[in-house]
């Protein structure tokens, strides 16, 4: 059903050196048609206007209704969805897509090259206020070649262009756009396996089977998404049968759920949890202090206590199972003695209450912490305390916290990066001072130059060398405290079958069914 | 209340208010118990380091979420910290939130209300409008907004909960002041040449003291609960501070595997608020002449 | 009477301008940039350049001076245009309409729980003052006031949904008049109403006690009017006066207390929506939700004051 990529993009097969196991639940027994699947989600869908949302959870929900030209399969390869195949010109700036035929939107109108043009132009039109539009910045023009061929020209080479097409560029019915204008979001019409039946904000999103789905009639009659923000409530809902699937399973509960015959799907590891240093603030401008802090952190304990083993220890900031990992970089082991020694060398001597001091100043660091990462922050606080570093945890609501880290009101700032695949630039582009979420505070021209080179280079081997250097530089200068690559967990009641969860945090339900 | 005010103004009390209150506390079925709980909480707050040996912040990654045992009588939490020690130290923060925020509410509210009610005119109009605006935010809404602006943390929570109490006390003080302004003894004092400040202090404010005292006590209970609600919404006192609401808030994820992590701080809040409420009731009965036998 | 109502509405309008100013200023003084919160931090698709973010900011008019933004907002409210949510791009009026019934339903149900518990308990206590029954009842009432509502909520959920499986744990099954709706309403209404029940029960008791001590009640008793009739016909009506005033205030507390309970029970109401919107600094949404709650609160209080007059013949509004 999903087709093979063309020669030019075969490089992406390298990308596929990623995931060992595909988390899919099936087991014996043929799919059984009928029934409703209810999913308890952390948050509500932000908007049903495909071009108007931002979070991974919303993607998970709206991608039942809408599709893009291409997507990532569970192995992390690009596969055609509404595009059957594509071709990248030799100069790397023209992308030609051959589109799937006989695809209809939910409103009955046919899917054509014109629809692709209308949609891509709508995404970058400032009036749409699409939040992802910045990512299609390289796009210059969209040209309809024939009914089922579309050619896109870029201003410059951009290795991330396919990714941008995957992420913000859902294709919606141009007829519905014309009819409903600004309020299109309340009358969604896509090409996906499910179409909308009703939506009550914060309550439930009810989808029904798209009988004419080009990929085959989905077995489920109905899919319901219910936002259940409170973690404890979401678990009770799952265990009491109120919902069949939940997202965002707390790592600590996975084992308990499995003991109760609940299926836990472990995906990803294609994200990163870490702390950035404010490189502008002393004493963090001293590489010895940064190295000492890196040595003071016991990542094994963090992985065990906070993530309960559902995370991979991070050495270079890039997932060790991705193709661009630099295995020569060894990172910083847990070595409190070395940490103490480094601090001593940097002039920080033990003072009152065994907190280190230098010239009468206590070694005290400010750590703003979002409320959902309090456990991690407290453990780190305890570990740093043992080498004589005092930290002030400032638990703040998310808005304040993001702002503090973005504008440099911190010493150690927790940061999370959800990527969902192995593209290395996505793990490091926060070092780019042009980025809105540039967190390092002190631009690092060499790394920035490497990153720019990385997205303009097509040859995978050359790219690997570039990102090897990026990882090496960050480690040598101890610019970041890499912590872990956490995994994302879904939980399903025993009767739910055929759900596929690619690492990109989607939920493929078009082959799912429920056994009764 | 008016009769009471006149009564005090007219003659020295036959029995000191303290004696009345003390008798009431002893007579009430739950009075001694409530007093004992409140005393215990205040003692914990004052003497925490002498009562429990273990450090409430000390993490033991080898002892996570242990049930109560001889080592840790109330068990350990998600970071292996001693729950008993945290509950005992936690008294400090709840007591602080309760007392400081109400003191702030009474201070600002009573002063503004008394002045507005006593002088009337434009000052009173501005006051009434401000109070109306603040009162138009029902319940904890205002506190939530304030914390969003100033950020979370102990001092800010106290301020937010305090501001949340200001309009209530302003109203009480204002209506007392208006009633008293017209009273003969106030007019007499003015006629005898007493300055406004003196009249305000000696007559008006002191006479509206009874309802304010009673209401403050009850408000301490509310303040502790509002503080806990803010913590629940992630807007309260930051961990690792062992504030009870924060303990429940961060511990609620472990409710099913280790209920003691939330049950004990929950009980601490419940018993404290309950006792303060009982004492408030007793105080009201003692100071409110309409209910005197 | 009509003049009184008109005056109240005028005062209300003035108050609401103040409310809007407070909300507006709070959100703009609060740290946290609404536009930053809109642009994805998920790194999947490459950079989000600074210029792009600034363009978005200008599009939402958030680069204008504060007074200009505020006046524009007031102008829109006056035309009954609440704007669009930055997050969802849907009209805020639309968003509120979807959630308002749920919040009102919860507050009314909680009020019903509170009143339904408070009156019998308060009356029993007042009829046997200082008895064991009285102090037990009042202790339970105080206990109700002293419980944090999220605590009660989780407890109820664990018992009735998780262990006994009698009720669905969370969500809203439908409007209250459907069985599914009713089943999901029970626990949140109790969790929210317990506190109000405690306060009201104590008030019913004290106010009934006071009235029962008055001359006309004694006279009625002396005349041999049956006790039942004395209490129901003579005393209760007068005792209701202070209780009704507090009912209005209580309704406000229920509206705002719903914030916490709605979160615990995944109840799709305005409180939860508003707290989320504050967290996301979705300015128009917060302003409009606060406005909706404040107006409801004010209307209820006005209704209470009118009811007050109907109950107590001594009070006349002119």
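Lettered A, B and C in written order, each chain numbered from 1.
Keep in mind that, in the parts below, a contact is a pair of C-beta atoms (placed from the backbone, for glycine too) under 8 Å apart; a residue touches a chain by one contact, two chains touch by 3 or more.
Model, not experiment: these values are computed from the prediction.
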item: Reference subunit A; chain at largest CA-centroid distance; value: B
item: Which of B-C and A-B has more C-beta contact pairs; value: B-C
item: Chain ID, smallest distance between chain and overall C-alpha centroids; value: C
item: Distance from the mean Cα position of subunit C to that of subunit A, given in whole angstrom; value: 38
item: Geometric centre distance via CA averages, subunit B-subunit A, whole Å; value: 45
item: For subunit B paired with subunit C, centre-to-centre distance based on mean C-alpha positions, whole Å; value: 22
item: Contacts with two or more other chains, residues of subunit A listed in rising order; value: 232, 397, 399-400
item: Overlap residues in subunit C, where contacts from two or more other chains coincide; value: 30-31, 154, 158, 263, 279
item: Multi-partner residues of subunit B (at least 2 other chains); value: 148, 151, 252, 255-256
item: List of subunit C residues in touch with subunit A within their complex; value: 30-33, 36-50, 52-53, 55-56, 59-60, 87-91, 94-95, 98-99, 102, 154, 157-158, 161-162, 165, 168-172, 263-266, 268-269, 272-273, 279-281
item: Subunit C-touching residues of subunit B, taken from the complex the two chains share; value: 29-30, 129-130, 132-134, 136-141, 144-146, 148-149, 151, 221, 225, 228-229, 232-233, 245, 248, 252, 255-256, 262, 266, 269-270, 273-274, 277-278, 281, 290-291
item: Of subunit B, residues touching subunit A in the complex; value: 57, 59, 61, 64, 78-79, 148, 151-153, 234-235, 238-240, 250, 252-257
item: Residues on subunit A engaged by subunit B in the complex (per definition of touch); value: 231-232, 235, 250, 252-253, 256, 301, 304-305, 369, 371, 374-375, 377-379, 381-382, 393-397, 399-400
item: Residue ranges of subunit C touching subunit B (in the complex, touch as defined); value: 11, 14-16, 18-19, 22-23, 26-27, 29-31, 135, 138-139, 142-143, 145-151, 154, 158, 202, 206, 209-210, 252-253, 255-257, 259-260, 263, 274-275, 278-279, 290, 293-294, 297-298
